[in-house]
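Multiple structures are listed underneath, in structure tokens.
In what comes next, chain A is part of two complexes: it sits with chain B in the first one and with chain C in the second one.
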Partner chain A sequence: MEVRIEEKKRKERREKALFGQWWRIFKANRVAYVSLYILIGITLISLFADFIAPYSPYEFDIRRAREPPSLEHPFGLDEIGRDLLSRVIHGGRYSIGIAYAAVFLGASIGVILGLISGYYGGIIDDIIQRFTDAMLSLPTILLAIALVTVLGVGVTSLIIAVGLSTVPIYIRLTRGLVLQVRNMDYVLAAKILGKRDTYIIFRHILPNIASPIIVQSTYYLGLTILIASGLGFLGLGVPPPTPEWGAMIGRGREFLISSPHIVAFPGIFILITALCFNLIGDGLRDALDPKMAKYIRRGRI
Partner chain B sequence: MKILEVRNLKVYYFLHRGIVKAVDGVSFSVEEGEILGIAGESGSGKSTLAHSILRLIKPPGEIVEGEIIFQGKDLTKLSEDEMREIRGRDISMVFQDPNTYLNPIMKVGLQVAEVYEAHQNAKIETVLDKVVNLFKKVKITDPEKRIYSYPHELSGGMKQRALISMAVALKPKLIILDEPTSALDVTIQLEIVNLLKEMKEELNASMIFISHDLELLSEITDKLMIMYAGKVVEYGSTKEVFNNPKHPYTEALINSIKYIRKDTLPTIEGEPPSLINPPNGCRFHPRCPKKFDICDKTEPSLITIDGRKVSCHLYGEEE
Partner chain C sequence: MSLARYIARRLLQAIPTLFILIVFMFILVRVLPGDPARLIAGLEATEEDVERIRVLLGLDRPLHEQFIDYLTDILRGDLGTSLKFETPVIEEILIRFPRTLELAIVAELLSIAIALPLGIISALKPFTKTGALATITSLLGSSMPIYWLGLILIYVFSVNMRLLPSFGYGTPAHIILPAFTLATLLMGNLVRITRASVLDALESNYIVTARAKGLSERIVIYRHALKNALIPIITISGLQLGALLGGAILTESVFAWPGIGLLLLDSIYSRDYPLIQGIIIFYAVILILINLIVDIAYAFIDPRVRISLWKSE
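Moving on to the complex of A and B:
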């Protein structure tokens, strides 16, 4: 008994040294912790799709189209007789990859513009904010549709469209956070000691506002998967025959009644992935918020 | 030799409610190696004055008039880039509350190293030795380890020492101390004041020491300037001002710190005046025990008397 407690303590100490407090709090949130593992699993499966998928995602057999799930083909065959399991596995690459790339793009642009807008204020702030207002007046999905229409259909333009459509909210979020931190004494101290604006922005302000942005990004990963799938469903996503989850649902919807499995399996994966991202976001939010951390240390949660 | 000369400085804040004349026509100078004390109540313009020397007044505040001559250059006319070069290198500052002036999520040593990085384009890894030496100088125990500590791992006194090391890193000519001890324990205050004196001797720097604590100022400063409602009311050598105050306000301030020897605590009646609508005439007259007919009509000018400057009608006739 004694030994086991000692062992547990040592493990905890080592974890604290490695990841800090927030990892322990995140781990205590079982739902978020399990979601993280599911997501890592889905990501790994998509990454190694070439080795895992039992069949080619492109090879078709029109005679066996819409065959329901069987032992040979666990997810069944799609509308022109391609193995649905293989397509779902390969599709993760596009759906999740697009989400990561789009959020990375959107966050980079949005955060930088938000930092500039909030830090300098004045006329630069006004210009960026009016631009943001204009973009925010359209719903995210409509904005993405508009951008795809302009950029044309394809993986790259899908990433750019979905990424750019998240920019205005990143600008707003970052600007708000910068306004809070900008008037902190340590920012003034840095200025008084003659440090450059770029130093102050990237070394003193950005690290202090990083956690809400990270949390927002996890939520956005979930949202962009939905947007990308939505565009795919509308035929504005990746062109066929590329296996992307949204596009798969879009093409399978004609057979929704007769062969529901064509729509169901990609749908389930979209659902699980988006849900996992959101649950991880919740976990991270609790873990990275120092006020929350205090309650957890006191054992109230 | 004069290292800093401020001439007729006016700093106003333009608010919707009106214009706040936070610093209204202040002139003074700091000699090389001298410590100038600035005292006054809250809201008398001390901190605004300190920030305007470094040109850190943010809108709606503005330096509307006056010259700040530092080593022959008028700081009010420099570009923002030239000003940045001066901040931290030639003029630096130590702050009131060490808890809020350090970035909470950055290691202390790296924050100090950044000063070298910003001014000498040095890589952080190459200046860490210098930071360790600085920490030794300001008597931070175990400096090799402390440079990797986060601010919350240090005590208040240690944090203030770290901030002082930042301020003296580039051997500035002028250090502005904005109430450097008021957030610290009394026992630590003395240590910090002694450290500041040592640093001053070592660097042969001049200092502007802003504080509420007249007793402290009387101990360490060479000259003393008393401010009231944005104006200088008395300015002269510390010994004379402290032992023989001319202005009724100075007198009242000094009386209020010598209360231990008396039965009741002497206070100054009333409150500091609004800076948007300051009283006519002498700004102190509504609270002045020695006021007479002319006080609420004309504003007294700063006159020289017995080798010091006083702004009071009591001494008007002697000019």
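Moving on to the complex of A and C:
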């Protein structure tokens, strides 16, 4: 009993140390570290949009439509006279929220199918891979457009469409990683011990391939923001008057010549958010990559 | 394995892929909520119009019959009739596709022309201004909402400076802005891959040998390193044509470029389902063919790949 508790504690300490090491490398990458804070900031602002936004994102004053930025309205007014700053702040909820939900959906389905495909092989693998081939033969955005055509406009269908369109990429990634570790000694040992397949997959395989999946997911978050807002821009995303960033650009483009501010501000936020995800992805990649960890132990960083 | 057999095998592999996609598209139109014929005809349409569309789409017959007809039509190159234009879908596609291809090829060349030197210089001299520029390009390239960039470019170069036309198709000046916008989509990746493959090549044994032989640094880099580094770059830029065709949908919408992307959007807005289906299947066929050609070209350029093919048999 004593020994067990002691062992558990030691394990916890070891895990803590490992996390501390990742965090140290991640922090050493100044750009990634700052990006993480900017992203947390943008996320918090969108979460508490109701308290932070100076005006309502829906109240309009058609007489003051397309007013340029001023002290009263720092981002100006949009095509029907709504406060653009408030709409951008509220828009983060949709644009970033949709990206998180879509990547979560795509990763959940894709990773599970990839694990099954890679672990069992054989005919199941063949079937899943042919489906993946078919889905990968279309560019991601076209796949998302095809799905959204069927599902109709709305937040939920946008999440499902964009989420499902990332599934084949996740299947390929996970399957490749599983094939690398499937025949490792610790997996074979677990098999000899007679452990169940689900136990081996979730206890031995998944933890060992989690880091590259996490890194890729960070990049996909950036990509998903671009795809989801692209669909919004094309009028295939969320219905008006929802303040989604892409849709705001799509409706503002008619007034580009006289009032470029309506297009400019939402776009800057899409760019910054996608940039943050990419930079954090770079930082995570360096921190979670075992090759980099070796350098740390040698005291090079 | 000979190259001919390799091509034959790859073509065979494409068949199930395409078949699944066709089944998928077939089901897509039939799982639409409500009556597709009614949906297409619109709410104001009379019962006769709806019936006419139902017969036109063959929706009045059993499912398996519909599917077999659909499949044989596709095999004969018949993708159905557009509801809006009332012309064969394939005709419409064949008019529009060359324009998209034109845009995609110019964008591809443009991105290579910008990304290749940036990537090479940043690999050879990482801590210079060009190196920093390469890093910034690769980051911005992969984070840029290209439709937004397109609008900003229109504002700067067409509205403000009055240098270039903002939309349309025709003269060489019309292609500059859309091609640059689309090229941004690839630039990020291309810079990163160029840098990585040049660095890889510089670390390899044949470079050590070349240096040990006493060759000048210039010859080592140009003759040995860059030549080998080019192989993965060519492959990647070929494979990225798919991403380009996807990005072209957004670019064509921004610049009213009358290609296949704009045709797809129009068909979605007007619920022209035969046209939507036809375009998506066409995209898939084109992309599968492109991947095949890239793979074959790859085997052709790189003797190592040829040997590994031969060994795998």
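Rule of thumb we're sticking to: the second predicted complex is superposed on the first by the 276 of 301 C-alpha atoms of A that agree within 3 Å, B and C clash if a C-alpha of one lies under 4 Å from a C-alpha of the other, contacts with A are read in each partner's own complex, and residues count from 1 in each chain.
FYI, contacts are C-beta pairs under 8 Å (C-beta built on N, C-alpha and C of every residue); 3 or more make two chains touch, one makes a residue touch a chain.
Note that this is a predicted model, so its numbers are computed, not measured.
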{"item": "Simultaneous placement of chain C and chain B on chain A, clash or fit", "value": "fit"}
{"item": "Partner chain(s) touched by A:Ile5 [first = chain B, second = chain C, both, neither]", "value": "neither"}
{"item": "Partner chain in contact with A:Leu71 - chain B first, chain C second, else both or neither", "value": "neither"}
{"item": "Most chain A residues touched (candidates chain B, chain C)", "value": "C"}
{"item": "Which of chain B and chain C A:Ile123 touches, first, second, both or neither", "value": "neither"}
{"item": "First, second, both or neither for A:Leu193, with chain B first and chain C second", "value": "first"}
{"item": "Chain B versus chain C as contact partner of A:Pro260, first or second or both or neither", "value": "second"}
{"item": "Touched partner set for A:Leu275, first chain B, second chain C, both or neither", "value": "second"}
{"item": "Superposition-derived minimum Cα distance between chain C and chain B (Å)", "value": "9"}
{"item": "Chain A residues touching chain C - in the complex, by the definition given at the top", "value": "130-131, 133-134, 137-142, 145-146, 149-150, 152, 222, 226, 229-230, 233-236, 246, 249, 253, 256-257, 260, 263-264, 266-267, 270-271, 274-275, 277-279"}
{"item": "Chain A residues touching chain B - in the complex, by the definition given at the top", "value": "184-186, 188-196, 199, 203-204, 207-208"}
{"item": "List of chain B residues in touch with chain A within their complex", "value": "54, 56, 84-89, 92-93, 95, 97, 100-106, 114-115, 117-119, 163, 166-167"}
{"item": "Of all residues in chain C, those that touch chain A in their complex", "value": "13, 16-18, 20-21, 24-25, 28, 31-33, 139-140, 142-145, 147-148, 151-152, 154-155, 159, 242-243, 245-247, 249-250, 253-254, 264-265, 268-269, 276, 280, 283-284, 287-288, 291"}
